[in-house]
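Handing you this structure, nothing more for now.
A, B and C are the chain letters, set down in written order, and residue numbers restart from 1 in every chain.
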Amino acid sequence: MRRRCWRAKTWPGSTWVISGMSIIPARYADSFSELRDRYRALGDRPGAIGLWALIIALFVWAAVFQTQLFVVGIIVGSILALGAMGLTLVYGILKFGNFAHGDTMMLGSYIAYILLTGTVVGRQANIDTDIGISLEQFPGATTGIGDLSFGYGLLIAIALAGLAMALISIALDRVVYRRLRQRKSGIVIFAIASLGIAFSTRALMLIIWGPDPRRYVSGIHYAKHYPFDVVLKTDQIFIFFVAFGLAVALYVLLFHMKLGKAMRAMADNADLALVSGINTDRIIVWTWAIGGALMAVAGALLAVQASLKPDLGFGLILPLFAAAILGGLGKPHGAFIGAMVVGVTQEVSIEFISAGYKPAVAFMILVLILLLRPRGLFGSTN
Amino acid sequence: MSALLEADGIVSGYGEVEILHGVSISVAAGEMIAVIGPNGAGKSTLLKAVFGLIPCAAGTVRFDGIDITNQSPDRIVAQGMSYVPQTENVFPSLSINENLEMGGFIRRERLQERLEHVYGIFPDLAHRRGDSGGKLSGGQRQMLALARALMLEPRLLMLDEPSASLSPKMVESLFQKIDEINRAGTAVLLVEQNAKEALSLSDRAYVLATGENRLDGDAKTMLESEDVARLYLGD
Amino acid sequence: MRAGKLITPLTLVVVTAFVILIPMERSGWVISLDRGVIPFLAAFLTTVAIFAILALALNVQWGYTGVFNFGVAAFFMVGAYTAAIFVKGPPEEGSSLRYVGGFGEALSPPILDSEQWLPFVIAALAAGAVSGLLALALSLPTLRLREDYLAITTIGVAELLRRIVIQEDGLVNGSRSLVGIPKPLSGYFSSDTERFVDLAVMAVLVMIVFLIVERGIRSPWGRVLRALKEDEVAAAASGKNVFSFKMQGFVIGAVIMGMGGAFFAFNRGAVGPTTFDHFFATFMIWAMLMVGGSGNNWGAIAGAYVVWGFWTTTLQINGYDLPDVLQSRIFYIRDFVVGSLIVIVLLLRPQGLFPEERRVSIWLDHRMRRGPRPADDATAEAET
């Protein structure tokens, strides 16, 4: 089909046409619009190819020339992956972006902290007090396991924090999100509610633990040297394996277990899941439980890698969303890869731009995805 | 007469808008019932109300003598009733096999046996078990949707305009399958635009118009009736 | 049901009582124009007016157009900084302040005391323009996508801009505040009367913005916006260019936000990146709009009054001799309350203090005023 073009004589002998957004000589106009139509028929395939090419180029380049940053990026990506998989899972089932995910992740890490150390801010700011009972009191709980800086106490604390965050997430759903669902509120209302929860969660952490950074383990732990000039703490290797193990477990759940398949079915079409006899309320409870447990572990591992700080939570929103959108919202395996990309890009970026911009790198990735392929690498068309 | 499904005086609609103003139908075990009527008569709404997808403001739904009015769909399914929506009736990102598994979600026993039974009815699907539901053509999708509903081995199958947007050839083979399923003993409640075909297959039929019962009776008689033909069959 | 109708007057009365009584008690019940509760109230209401403009702007975007801007801070900040560098003089030799621009003197031709007002008018317009351009740029990749994409993108741009302000030291004085922003009309009044003049000027500005928004929303253009918010598909089917209308709503809201930022900068005399964090500069505005009632311009103003009233009185409460446990945490508790407030409003009173009006066109308004209003009665009936 030919479009009607506006023709104008600019100077003798040459006719120019305005076609769409561009002004081109008339004799090329037909072949141009044909090319354009062909390009449009490709949809966002070129965007996907471009995105994949960029990612592979970045990974290869980083792995070869910036091995240290690359490896650290993978560690950071592992932490993000746990958060992003939970975020994308909740998104898939409930169809809203949970802007509280970063802050509840930090809450998870603080729950692990209080279980481990029993420390909170006391009557006055800056003066800590002990609640009297903690995992540290168990013999040998803080003795490092192998080369790790922490002992079994932290592992138990993280597991319990996972359980606690699963329950807290379910409770929040009961009190807030379920009521919004029953009222058939739009996704925006969910998003605003989650933002409210994000800020009150942060305020709660500030009330209980104050603004200063905290650590699970005090003291200095030296890193070890590995081939290719890579320097890593054993803790960091631990982080990677925990994240990878949980990602595999999630994969097995989603693709080989009945509950996981029902979760995927509900993400596909909640109404049809309901008429198939799937109890969608129970699936939602499980989704929050898994998402909550993952966010607690993610937050705790973040604190192992760096430190705990109430402010960190909201800053995680951008990388988490960038990872989830890059992987295709609702696709946990996509979120895993997306998180690795975001992690590596953030770390490598300090070679090019000031480290102060690191929190904004995720935003740049996000804009790139939205321009090239808004549905992400593995996202479905609808 | 003990009916399998008995809906009596159903009043229902969406939000403030009332669509059904007291509709009654009944389906006996093993029967094939057609519900026909013009656009907007409330045929699909009736199925949704019966299946608990939208609330009934008044009236009762009984299945096998048990009151299931306004129960949640997952509990109704457990009673032995399946429902195939008109559109979006397969899980696009799940494989065919997984689609069927989800169809039989609430029943744990004999999964493999039931799968093979359904694949026996739909041999075309059996060849492509691993393909995702989203890759199927329109006709194959409807077949998969039917197959998914059969995984429960329901006593009553409710179909919402299965022939909509299918080619005439596909419609024919689809109705053949529905007939086959009915002959095997499953009662079918079929809502259709394609009234002639539906009537020729069915035992009895109901005609709805503007949310009320207009006519009911023997399907073959109705097919021959001039009034019905003039008013609802379009010739 | 009755209680539902009482919530609005009750909230307003309680907030007003707190806003008046606590400062009065703190200042020892002094009633005077230069100290005590009256100057406090003047300053308080001036700030409310600035926030009301921001909330009205957000109402244009969200309440009327359904555009989901979670980065109010970005537009607020861009407006404030743009205005600041427009009205300030060039950076002085040897001063620790480093910033670009400084057009204040260049914008003041020696007529009619123009340095008292002209640079401020130009700066406010420039603030609106820059903020509007930012919205325009953002709308291109995101407005066609699902709402939450715009939300996360605007959060991102707010973060990026804050990073730029902090990192690029010479741009607007980095992480330290950009201080010494001159005040409009300051040459004419003593510092005692100045705050009342400020209040009067801001009140007029709020009124102007309010009238423009009301007028716009009741015009055919505004009707399209609201139709879009209700049902995008239907609006598209009736031949409206959805994208273009959404973009217009987004950009116009951003222009107003930018100007709100400019007024904030003139009022405070200093702007710094910490002011524009997500909580204070984005979430507070959202809280104001949701509490007041999105889709209602009176609601936007009332929300600004109620939320800012709460915010300020907690500051005053801190002056009392509270137990240490509370004293050291009062600000976090305040954050917690505001954060929870929005959730509570969404759950218990989603329509806010002033529910959205159903009537859209001026024509319909006139019609309804003339005759009895059966439609309204019916809705009132349905709500109770």
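One rule holds for everything that comes next: a contact is a pair of C-beta atoms (placed from the backbone, for glycine too) under 8 Å apart; a residue touches a chain by one contact, two chains touch by 3 or more.
All figures in this text were calculated on a predicted structure; none of them were measured in a lab.
*Asks:* Specify the chain most distant from chain A by Cα centroid.
*Replies:* The most distant chain relative to chain A turns out to be B.
*Asks:* When all chain pairs are ranked by how many C-beta pairs they have in contact, which pair ranks first?
*Replies:* A-C
*Asks:* Quick check: how many Å separate the C-alpha centres of chain B and chain C?
*Replies:* Computed value for the inter-centroid distance: 54 Å.
*Asks:* Can you check how far apart chain A and chain C are, centre to centre, with Cα atoms defining each centre and the answer in Å?
*Replies:* Computed from C-alpha means, the inter-chain centre distance equals 31 Å.
*Asks:* Take the average of all CA coordinates in chain A, do the same for chain B, and state the distance between these two points in whole angstrom.
*Replies:* Once rounded, the distance between the two centres reads 42 Å.
*Asks:* Looking at the complex, which residues from chain A come into contact with chain C?
*Replies:* Answer in residue numbers: 96-97, 99, 121, 123-125, 175-176, 179-180, 183, 185-189, 191-193, 195-204, 206-207, 314-315, 317-318, 321, 325, 354, 356-357, 359-360, 362-364, 366-367, 370-371, 374.
*Asks:* Given the complex with chain A, which residues does chain B contribute to the contact?
*Replies:* 51, 53, 72-74, 77-78, 82-83, 85, 88-94, 98, 101-103, 105-106, 134, 148, 152
*Asks:* So in the complex, the part of chain C that touches chain A is made up of which residues?
*Replies:* Counting only chain C, the residues touching chain A are 62, 66, 68, 70, 141-142, 145-149, 151-153, 155-157, 159-160, 163, 166-167, 278-279, 283, 286-287, 290, 323-325, 328-329, 332-333, 335-336, 338-343, 346-347, 350.
*Asks:* Once bound in the complex, which stretches of chain A touch chain B?
*Replies:* Residues of chain A touching chain B: 258, 261-262, 264-265, 267-269, 271-280, 380, 382.
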